[in-house]
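Just passing along the structure, written as structure tokens.
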Amino acid sequence: MNANIRYRIGKSTMFKGLTILLAFACVVPLIAILFYIIRAGVTRISWHFIINTPKPVGESGGGIANALLGSIIIILVAAIIAIPIGIMSGIYLNEYKKAKLAYWSRLCVDILQGVPSIVIGIVAYFWLVKPLGGFSAISGSVALAIMMLPIVVRSTEETLKLLPDSLKEAAFALGMPFHRVILKVLVPCGISGILSGVILSVARIAGETAPLLFTAFGNPYITADIRKPMQSLPLLIFNYATSPYVDWLNLAWGASLILLVWVLFLNITTKIITRRWKVQL
Amino acid sequence: MDAPVDKGMVGSGAETAEMNLLRTANAPSIVSAVSRLKKSYRQIRTESIFKRALVIMGLAMVVLVLGILFTLVVESIPSIKALGFKFLWGKTWDPVQDIYGAYPFLLGTLLTSFIALIISVPFSFAVAVFLGEYYPKGWFSDLLKNTVELIAAVPSVIYGFWGLAVLVPTVRSFESKVGIQPIGVGIFTSSLILAVMIIPYAASLGRSMIQMVPSHLKEGAYSLGATRWEVIRSVIFPYTKSGLFAGILLSLGRALGETMAVTMVIGNTSIIPKSIFAPGNTMASVIANEFTEADKPVYVSALIELGLVLFLVTVVINVIGKKIISRFTNE
Amino acid sequence: MKNLLVTRAIILVSMTVVALSLTSCGGSGGTGGGTDSTSSKSDEALIGAGSSFDNPLFSKLFSEYDKANSVRVNYQSVGSGAGISQLTNKTVDFGASDAPMNGKQDSAISAPALHIPVTAGAVVLSYNMPEIKDTLMLTPTVLAEIFLGKITKWDDPKIAAINKGVKFPSTSILISHRSDGSGTSNIFTTYLAKVSDEWNSKVGKGSSVNWPVGLGNKGNEGVAGLIKQTPGAIGYIELAYAVQNNMAFAKVQNKSGNYITPSIASVTAAANINIPADSKVSLTNTDATDGYPISGFSWVLIYKEQKYNDRSLDRATKLVKLVSWMIHDGQQYSSALNYAPLSANAVSVGDAILKSATYDGKPILQ
């Protein structure tokens, strides 16, 4: 083996080593963040923490009950809005692949995916908060629903695309009407892909703060009225993280841990579903 | 057989007579045929309603995007009328004196995004090459792939909070050692956090691009005696150039629009940053900070105009990126 | 198809029922600690926004008010400027501001707003220098020069001259100021404009100014947060924030030449003046010999005519009663939080202003 070949092989090995190093270096910040938040947050979590609302400024104790319930309600309403529309749009894009409208629709879904969340917050403010005369959880939910749509539409379309045509043709051959073919044959067949898209979109919006800044506004009390302002986990973390009060910082750490665990859990669930059913997302 | 029309039994009227007639003369199949016909009419109607609903949903996406654009433009008009296009290169942002210039934020956004991109690209590419070429299968690569994707899953506000608690003091002590005013927050810190957040986008796209390189090209190179690195350099990279570029574009698009993490660590100063360690503001962070208290119509409108610029820029970048990808995957 | 339709209909109906029941039941209120507070109807909650200066006090006041009267108040500390614009947009019931509405804000609002003084507080200069044990003393001139960026290090001779015997570190001074429209900023800059001609001509006064140096932060909370985290930082915050967070704050020399520690006593001394009928008055650079020179009132703002946007008489009455309670019984909670209780003069002016609030032309309070 002459020197030239050894040099080239050496370069190749060095490159491989560098690649491995850099690749694993990526993981370091994530692990650091996870550990830090677990360490800072785990001591704050208790039954008391989950049940109570924040105390007046300067008093210790209190919890994040209003934010927990608020997050759940806002996300639920957003999902109720986005899921039907998203799934139907996904079905449309798959069924009418060649239509001119489908081209523009697909383009718009791609555009929606890239819109910064703060811009959606602004738009929701003008669409809902100003006309209705006040901040409300529903306006936050609408903003979040807009953010969920691209993911649900995309995953529905991709899932349905992967289903074999023979399935659809067999159903038609049996004389089933169009809507039955879609709703009773195709959708149930692709339900795992669609479901993982839904879960993914929920995970995406669970941590979103910017759209809620000018819509849901925040609320120190527990409330379930979606026409009124509501607190949510990311809003609480944002407001308390920049404050000087040690109690609030503690609440924010606990809330961050809960939010992080929740989001990671949803993402991991999605991965398990896609792997088990071998769906490409 | 003739059916006796029994007027007494069924009541009067020509229709009922007909029904009677049908009922007795080969009746069941015809009756069921009629009801089946009625059922198919209903089905056809439901079908067309459903199809129409599908089309409406497809249209809804377009309407939504147009609506967003429309709202942004309409609300920006007062500012455009008052300030014109000088707004974009105005260097001062002073709401108190009604002076609005977007330049500090354009600069802040570009600086943070591009520095973040420069920092993250080597890492993204390393992950892409690692997963696409060296270890495309196996539990080991699955672990790395999933971990990198989880980076994208962590909410932005948590990155910001961690940045405030950990990164800012670290940068602050670094600054005091190097002799710069130790603030901790600033463009540099935001770029660092952004860099971590956008790694997954270029990485996962790059990985799928690299995996798509036809093996006969690689095998041809190997059979000519190329080393692994030479194959990557001379075969894979040229082949996936456009795909990797699209990945960078997508990462850039994400970085441009990122709000929360940046708002928390950038220092919120609406002046042109003098160095990368100085505090500043991005378009997204100034909107987040000042929108709720913009009390003058021109002020609100100027902020919305910033939102419009942000919207247009991110849309263009994302669409170009996606077009490159679809052209690449359809080749 | 029929089965699927029926299933879907059932799901839809049950979700609607669940949603409706959630909205109508309104959830339990409470301020934590497991106390069995009587639940109040959530749709009766009053919404307020504004001054972060007041937030420590308001947060306590509203929690006590809810316990006593079962009326919930959702107050968001977003800064005086935001409070005024939310009131102008009619998205809140009341605003809170430490700066009276200025000419531009007056012309932007569609109907007159009443200013009711609810408390007085001190804007203190809080700093982060764990090395020095004595309290920092500042003169108006030195203070202005620090904020103008002319004095950049703590060991500057000008600072040493007024703090004899104190060994300062050579750390750079980092100014922490407000990035949002702030009544606290208004009080502070009004003071600086009065005592420094250079500040007056270069920067001026207002809720939002072009700060020559420093980092901007949202709310008193943000300014305090930055000071707490950054060695060498100095900034202006309300007294309650400094006390609640164990932060050091400076003595400031007033007009009479005395170095005054911000406290309830010194703020009360500064507030001991005749208040005009519309209650808009500044307390800065007080003539009182023992008065703290950077004090200020804080006002609650409500529309004079309460019938707008389908507001009910009930809601308007609740609002006016809340404000009335704040200036009477609510004052008992001020001192514990280092806010100065209103003087009798201020209370009577406040009462008179409140009595002028009308619903459909008729006064609400009798």
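What to note about this one:
Each chain carries a letter (A, B and C) given by its place in the written order, and its residues are counted from 1.
Everything that follows uses one rule, which is that a residue touches a chain if its C-beta (ideal position, glycine included) is under 8 Å from a C-beta of that chain, and two chains touch if they have at least 3 such contacts.
Keep in mind the model is a prediction, meaning the values are calculated, not measured.
Chains joined by the most contact pairs: A-B.
Of all chains, the one whose CA centroid is most distant from that of chain A is C. Separating the centre of chain B from that of chain C, both taken as means of CA atoms, is a distance of 39 Å. If you average the Cα atoms of chain A and of chain B, the two centres end up 12 Å apart.
With centres taken as mean Cα positions, chain C sits 36 Å from chain A. Under the contact definition stated at the top, the residues of chain C that touch 2 or more other chains are 1, 217-218.
Within chain A, contacts with two or more other chains are made by residues 177, 179, 242.
Listed for chain B are residues 43, 46, 292, each touching two or more other chains. The touching residues of chain C, when paired with chain B in their complex, are 1, 78-79, 81-86, 88, 104-105, 108, 172, 174, 179-181, 204, 206, 208-210, 214-218, 229-232.
Residue ranges of chain B in contact with chain C, taken from their complex: 43, 46, 94-97, 168-169, 172, 181-185, 267-270, 279, 289-290, 292-297. On the chain A side of its complex with chain C, the touching residues are 48, 51-58, 61-63, 69, 73, 77, 80, 129-130, 133-135, 177, 179-180, 183-184, 217-229, 239, 242-246. Residues of chain B touching chain A in their complex: 43-44, 46-47, 50-51, 53-55, 57-62, 64-65, 67-68, 71-72, 75, 122-123, 126-127, 129-131, 134, 144, 146-151, 153-162, 164-166, 196, 199, 203, 227-230, 232, 253, 256-260, 264, 284, 287-288, 291-292, 304, 307, 310-311, 314-315, 317-319, 322. Interface residues of chain A, counted against chain B in their complex, comprise 8-9, 11-12, 14-16, 18-27, 29-30, 32-33, 36-37, 40, 85, 88-89, 91-93, 95-96, 99, 101-102, 104-105, 107-120, 122-123, 125-127, 146, 149, 153, 177-179, 182, 203, 206-210, 213-214, 234, 237-238, 241-242, 252, 256, 259-260, 263-264, 267-268, 271.
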